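Both of the next two complexes hold chain A, though its partner changes from chain B to chain C.
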Partner chain A sequence: MAGEDRSTTLEVDHLGIAFGAGAAEHAVLRDVTFRLGRNEILGIVGETGAGKSVLAQALVGLLPGDGRVVQGEIRVNGRPLAAMNERDRRQLRGGAISLIGTSAKTLLDPVETVGRQIARVLRAHRPCGRRAAWRQTVQLLGDVGIIDSEQRARAYPHELSGGMAQRVVIAMALIARPDIILADDATLGLDATVQVQVLDLLVARSRERGVSVILITHDLGIVAHYCDRVAIMRAGRIEELQAVQGFLAQPGTAYSESLLGAARARPVPADHLSTATQRLGDAGEAVAPRGETLLVVENLQKLFAAGAAQPPLRAVDGVSFSLARGETLALVGESGSGKTTIGQCLLRLLTATAGGMRFDGIDIAALTERQFRPLRQRMQMVFQEPYVALNPRWRVCDLISEPLRLLEPVSRRDRQARVNELLDLVQLPRRLAEAYPHQLTAGEQKRIGIARALATRPDFVVFDEPTTALDIRVRAQIIDLIRSLQVRTGLSALFITHDLNSVRSLAHNVIVLNRGQIVERGETETIFARPQHAYTRLLLTAELPIEWSASRRSGTPVPVLTAERGASARR
Partner chain B sequence: MRIVLARVSLIPPQLFGVLLVTFMLVRLLPGDPALLMLGNMATPDAIASLRQRLGLDQGLWTQFVRYLGRVLHGDLGTSIFTSHPVVQDLIERAPATLELISYAMIVTVTAGVGLAVLSVIARGRSFDYVTRVYGLAAGALPDFWVGLLLIFFLYHVAGWAPAPFGRLDTYLTAPRAITGFYTLDSLLTGNWADLGSAAARLVLPVATISIVNTGAMMKMTQTVFAGVYDSAFIRHARASGLPQRRIIVIALKNSLPPIITTAGFLFGFLLGAAVLVETIFSWGGLGQYAVQAVINSDYPALQGFVMVAAVFVLLVYLVVDVLYELVDPRIRI
Partner chain C sequence: MRRCLARPAAVIGLALLALLAVAIVFADLLAPYSPIMADPLHSLESPSSLHLLGTDVSGMDVLSRIIFATRINLLVGIVSVAGAFLVGVPIGLLTGFYRGFVSALVMRLFDFIQSFPVFVLGMALVSVLGQEIWNVALVLAVLFVPLFARLVRAEVLSLRERPFISAARCSGASDLAVMVRHLLPNALTPALVQLSISVGMAILLTAGLSFIGAGVRMPTPEWGLMVSSGAQQMILGVWWVSLFPGIAIVIAVLCFALLGDEMRRLLDPTRHRR
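Then we have the complex of A and B:
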């Protein structure tokens, strides 16, 4: 508008945001400057605390608490945000700039049908009758890939899956035909296959409609595949801003380089078991005899009751595998594939419905809980959400030494020594022994979880999603840590994850699970290089490697053409 | 609809339980009704014959079975004290109390929820602090004291309110009983003088009950509403550019289940708890009747009252459950 450059929809000029008043004031954003072109897709990448979300909130004029703009300005279609009154700003939100947040299910009103929620956004921005709004809603729901949209529009949010809810939120963002969509970690926590579907769709619809998109993420794979340009944020500043292709080829700063390095897959640690043994031997440590089978699972089955009239849910359905000493076996699959359930059955956190499990020759399925207890020190688990799994009222040293009580009573001094040893092992400074869980970062909490599991010197550890929801560099550090543990302690591990990148870096063998059944198994390299089963191939195509290639899921911003390419990539 | 039927079918066994428990509990009260009725000068013979006439000399179970049989025929016995059938006493008094607490509930819920919503929206501003002070104070205010203050200032000093004696000005006759609610009946029969008088007389007692109970209602709603108001989907609604009024309605709809529960609980509670207010305003309602019955060891009257109260509470909870399912699609009972 205002006769300005028609090709720019959003201008951010030396923006500074601060929280707190007086002496307590601290800047969260400093001197942030960028322009967003019409129909451009800009990626904003940064680690936790870089200020990405605050930037998104500032762009829609909804800073939380006492956050305020202390410097610079934001212009949308040439109009400065600061000069708008409350009414204009409300019209701007959702009308000109829409926001898509993380975990779509929490973004929807639980007591209203999704169709009416979308329609009321439309009616808040465009004068439109109830009927017409409903028609447009249903049509748009069809456009965002919801089958049977007329009927699904009458569903409540709790009746939808995570991916469906995300589509509904996208429809909500698109309905009032905005110029800009802000996607703030919009696909965090979704399965990889669902993530690419949702992103394909978001990008395709945006290209079609000439909408500019800002993809805020910490996943460089998303940037490589969908964005035209990328901005790297760190500590409230934009450190680097350039075209994605150039960025991937030659990042401009050391920080960007470290991010890229951390995000790229590491080569398989060792050439399978033999080399791993070799290394252990070299390290001069006691190594268990090779090839000896530690764990055998036969025909494991776990059913969950699904309600009176329905047949039970077959979470794990006849799964058999074995694990050798010193082997790391990855269980890969989407949510609902039964991989976590298998891990929990092995440790008797859940009781298996049927099937045999032998650990070091002992039939653990037949043991009573009391008989199983002594075995617990030999079998441990690292839980998925470290913060939830740690008692918030305990200090780190208490948390780590708790499992030691499973062992013989030890003196206070020995216990202290063991805690320090474990902190060293997971590469945490010893001073953290006095800290409480909430004072730690997510990566440190993960490490404490690992230290707890290793406290009793177990033979076998189950890692449940050790790398999900972590920043890029932290994830790389955790992967490196587990690798060094493999080498140093000859750990046998079951590695449960949907992060294929980490599987490639850590596992010797892979089992691919779908709906509680094994669809494919084999050596890691073989599976990745020559997947046999269609489902494995589907998982692999959903992976977003961090390379610029012709197979990018969204090309350069040529509106009509790319829309078609985006749509075809979806099939 | 199915849920209503399922719920209704649960009421008879629940009622039976209530009858049994109250029958036994009432028998545990000290005081012999025969002695009370005849006074201190009664001869042991007279007392014995009265006890026999009242059936008090028989075993507890026999008394209970006979009582149950009569209840099933709609006979709650005769009040020892008023000498009227208990049913008749209750029918006369129940509408007075119900009318009082119904209006009080409407005012309490409206004011409580309204104040809570306004205070959450005005968070950190002076209005918020005022409601907080009120919330604290209301919990500590005894209702009879509030009632007396209102009478003193509004009736005695200012003369705005009518005299605190009963439900209607003394020179008026009650409207023809349809619902038993004077306001509704006078409206239905077009008796405007009665309507004005009944409404005016309701003002002070309703205000008394509301002032005391709005505080609890408000605090509870504040907690729930503030939680919802800060939730992700409300932030998203705001980021989607929905108008403020809309957002408040959405947040309120999501806060309804606990509000409904509290209101239902409060409604049941007021039935007996309004007794002091009824006494001050000579309301002639159920609460007063129940207290008299306790003082006089009037077993049939007391049991009758408890049964009416139980039926009332069960009905209120039935409505609460149905409303619950209506306001939250995730709940299927």
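Then we have the complex of A and C:
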């Protein structure tokens, strides 16, 4: 590293990795070269299939199957990995390099207390007595922000929340005082607020201890806020490697440029009704319905039984709102805030405990399933996880035409035409009509889900987390697709998400939910610029947009001033 | 061809199935003697050019009896399992989908059936109904119904919580449509795999029931009965009467077990790639 005098802990030289043998051999990594300095935080970004995870596995010498190094080498603290025997490699893993994977809960052994699991890692790498190891474990658990660590160390993994389990895994990675920590999508699937806590903590502890970190992610926001340098991977190569500041200001390749463009928020969608009607009230008050009111929800309540002798869980607790034709309303909140439950109650996938729901003047709460069925033609839902919401044994054309077949009397030929029309609408090639869901990419599956929901030309669609767990560019494509549908079809939509960035691009109005109750509501711009409620501010603090990386987080978990966020949010 | 040879289990399974099929179709041509004609003058003869696999205590040709028994054993196995499948699958689908009082009652009934040792239940039922070949098939079917129903029910229980079922409801699918068009095709795989393995099990059970005297009676050619009839002479060095039908049972059971494994692979929906 020119101009930097840190010592190098990890060197990767022209690394090439291939799977398969003979004619079936295919390269997964090609000519990957980079150096990692002591106490440096390097972000590795790439889309699905770029080879990020294979790189991580290669660095700890754990390539799956018949994967092998075909070119170049990896040196840890100057020692080539290839020259090590199995014993040395065991010492290396967890000792010099530790790996933090996605979904901490599945990384922990369910039949052992977390404290003992951590202590075992320490004793495998450093000479240390049982008692001393336990003491260090408890102390470290405290350091990673686990309250009551003495007692928590005796907990089993299933007793911990996702964020807590992720902290335990971080403690496990830190305990043997490694030189390098590899975090492979370590915060994927966590709530945004928990994600920043976990990342703040990982970065702070690593900085203190002089540990180098490689953050593998597909979220450029994480890179902008936590990393010193960034490597952009594509199809097994590093396309670009430079300091984060420079990268954000002036990306070196067209590909990086497109990634950055995709990660940026779009302007709040134009509202074709807003000009015609008067708006009432300030951000704190109820949003005045614009145009004709389509949907009214009054005091909706949904309780779940939590077992005998316990009070029922109040998933949705007295929620009221209304939605005008052509309006997109976002329901925002962390997991467990009841936002998905509201959507499911509206579509009668769950039966509401109490409260009224009127759709275009019809009281849908009072209808039986049979009476409600004709209404399904007008009310549809796009499901969260694209793959599991599609019957794996059906072809795409059958999946898309199912609502048509069941809800609308359409002839076979018209149906075929409609399927093609819908495929065009969601910008998928028509040849995919014969494919099965598992043959599609996540983005294509998501589009099929949207096409299915739009098949009967509904008035109202619930989008449940349409942008989560997608690659940067695919996510941007889905956002653009929904935006174009808003304009072209005048869609009324309920948009359920925890991805604030996409709210900005898609919703006219926002409702913030916490524990089943509405804490704040208002127009999208207002909420982002001047949040009133503390919980809304907390949510906004957790957001990592690439736009204001200039005010980079310092690695210590200090919440950034809301005013500053608001200002940058409108930039 | 190379892809086939890469799966020796499938090849062996199919070859054995072909062998069994030939025995069933061409029994009259292949068998050198009548399977039920006693010939006391030639009882317990060891294998020779005249009687390739020897004769039993009544002087009946062991080879001929093994060939003809294939018909009875496979027929009983296939009919009983097919019956159990046709009854068990809808029960599993319904009890998995509607989890009410009736559903719970049916499951307890299955617990009751399955808590009996198979042979005790088999003996009791056959002795009540009569030692007829069709009664044996009926008893086996009753024993296998809970097996299929439980497999399908377990699948339905996990599938019904999957989002694609909710998605189907949003598309306007009724209960029946959800069950028949969405749940059934996805829930059937384990039951279909079990189908083949169960035929093997049924053959084994038929033979077992006959062996302990609760199945068919002499002189019906049946593998279990043949093993049993030779059992007393085993210690006298007369090994052929029991051994060869035993091998026939092994071949049949192995054949269906291997085919079951292959079926599991073929039914995996993620098998065909783009």
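Everything that follows uses one rule, which is that the second predicted complex is superposed on the first by the 524 of 571 C-alpha atoms of A that agree within 3 Å, B and C clash if a C-alpha of one lies under 4 Å from a C-alpha of the other, contacts with A are read in each partner's own complex, and residues count from 1 in each chain.
As a working rule, a contact is a pair of C-beta atoms (placed from the backbone, for glycine too) under 8 Å apart; a residue touches a chain by one contact, two chains touch by 3 or more.
In this text the structure is predicted, and so the values were computed from the model without any measurement.
J.: Fit or clash for chain B plus chain C once both are placed on chain A?
T.: Once both complexes are aligned on chain A, chain B and chain C fit side by side.
J.: Who does A:391 touch here: chain B (first), chain C (second), both, or neither?
T.: Only chain C is touched by A:391; chain B is not.
J.: Roughly how many degrees, to the nearest 10, is the angle at chain A when you join its Cα centre to the Cα centres of chain B and chain C?
T.: About 30 degrees between chain B and chain C, seen from chain A.
J.: May I ask you to decide whether A:124 touches chain B, chain C, both, or neither, giving the answer as first, second, both or neither?
T.: In the superposition, A:124 contacts chain B only.
J.: Kindly classify A:62 by the partners it touches after superposition: chain B alone (first), chain C alone (second), both, or neither?
T.: The answer is first: A:62 touches chain B but not chain C.
J.: Thinking of the overlay built on chain A, is A:98 touched by chain B (first), by chain C (second), by both, or by neither?
T.: The first partner, chain B, only.
J.: Give one of first, second, both or neither to describe whether A:376 is in contact with chain B, with chain C, with both, or with none.
T.: A:376 contacts chain C only, not chain B.
J.: Looking at chain B versus chain C in the superposed three-chain picture, what is their shortest Cα distance in Å?
T.: 6
J.: Spell out the residues on chain A that touch chain C in their complex, using ranges where they run on.
T.: 344, 347-349, 373, 376-377, 380-381, 383-385, 388-393, 402-403, 406-407, 435-436, 438-439, 449, 452-453, 455
J.: In the complex formed with chain A, which residues of chain B make contact?
T.: On the chain B side, the touching residues are 231-233, 235-244, 246, 250, 253-254, 327-330.
J.: Along chain A, where are the residues that touch chain B in the complex?
T.: Contacts found on chain A: 60, 62, 90-95, 98-99, 101, 103, 106-112, 120-121, 124-125, 156, 158, 169, 172-173, 176.
J.: Given the complex with chain A, which residues does chain C contribute to the contact?
T.: Checking each residue of chain C against chain A gives 162-164, 166-174, 177, 182, 185-186, 269-270, 272-274.
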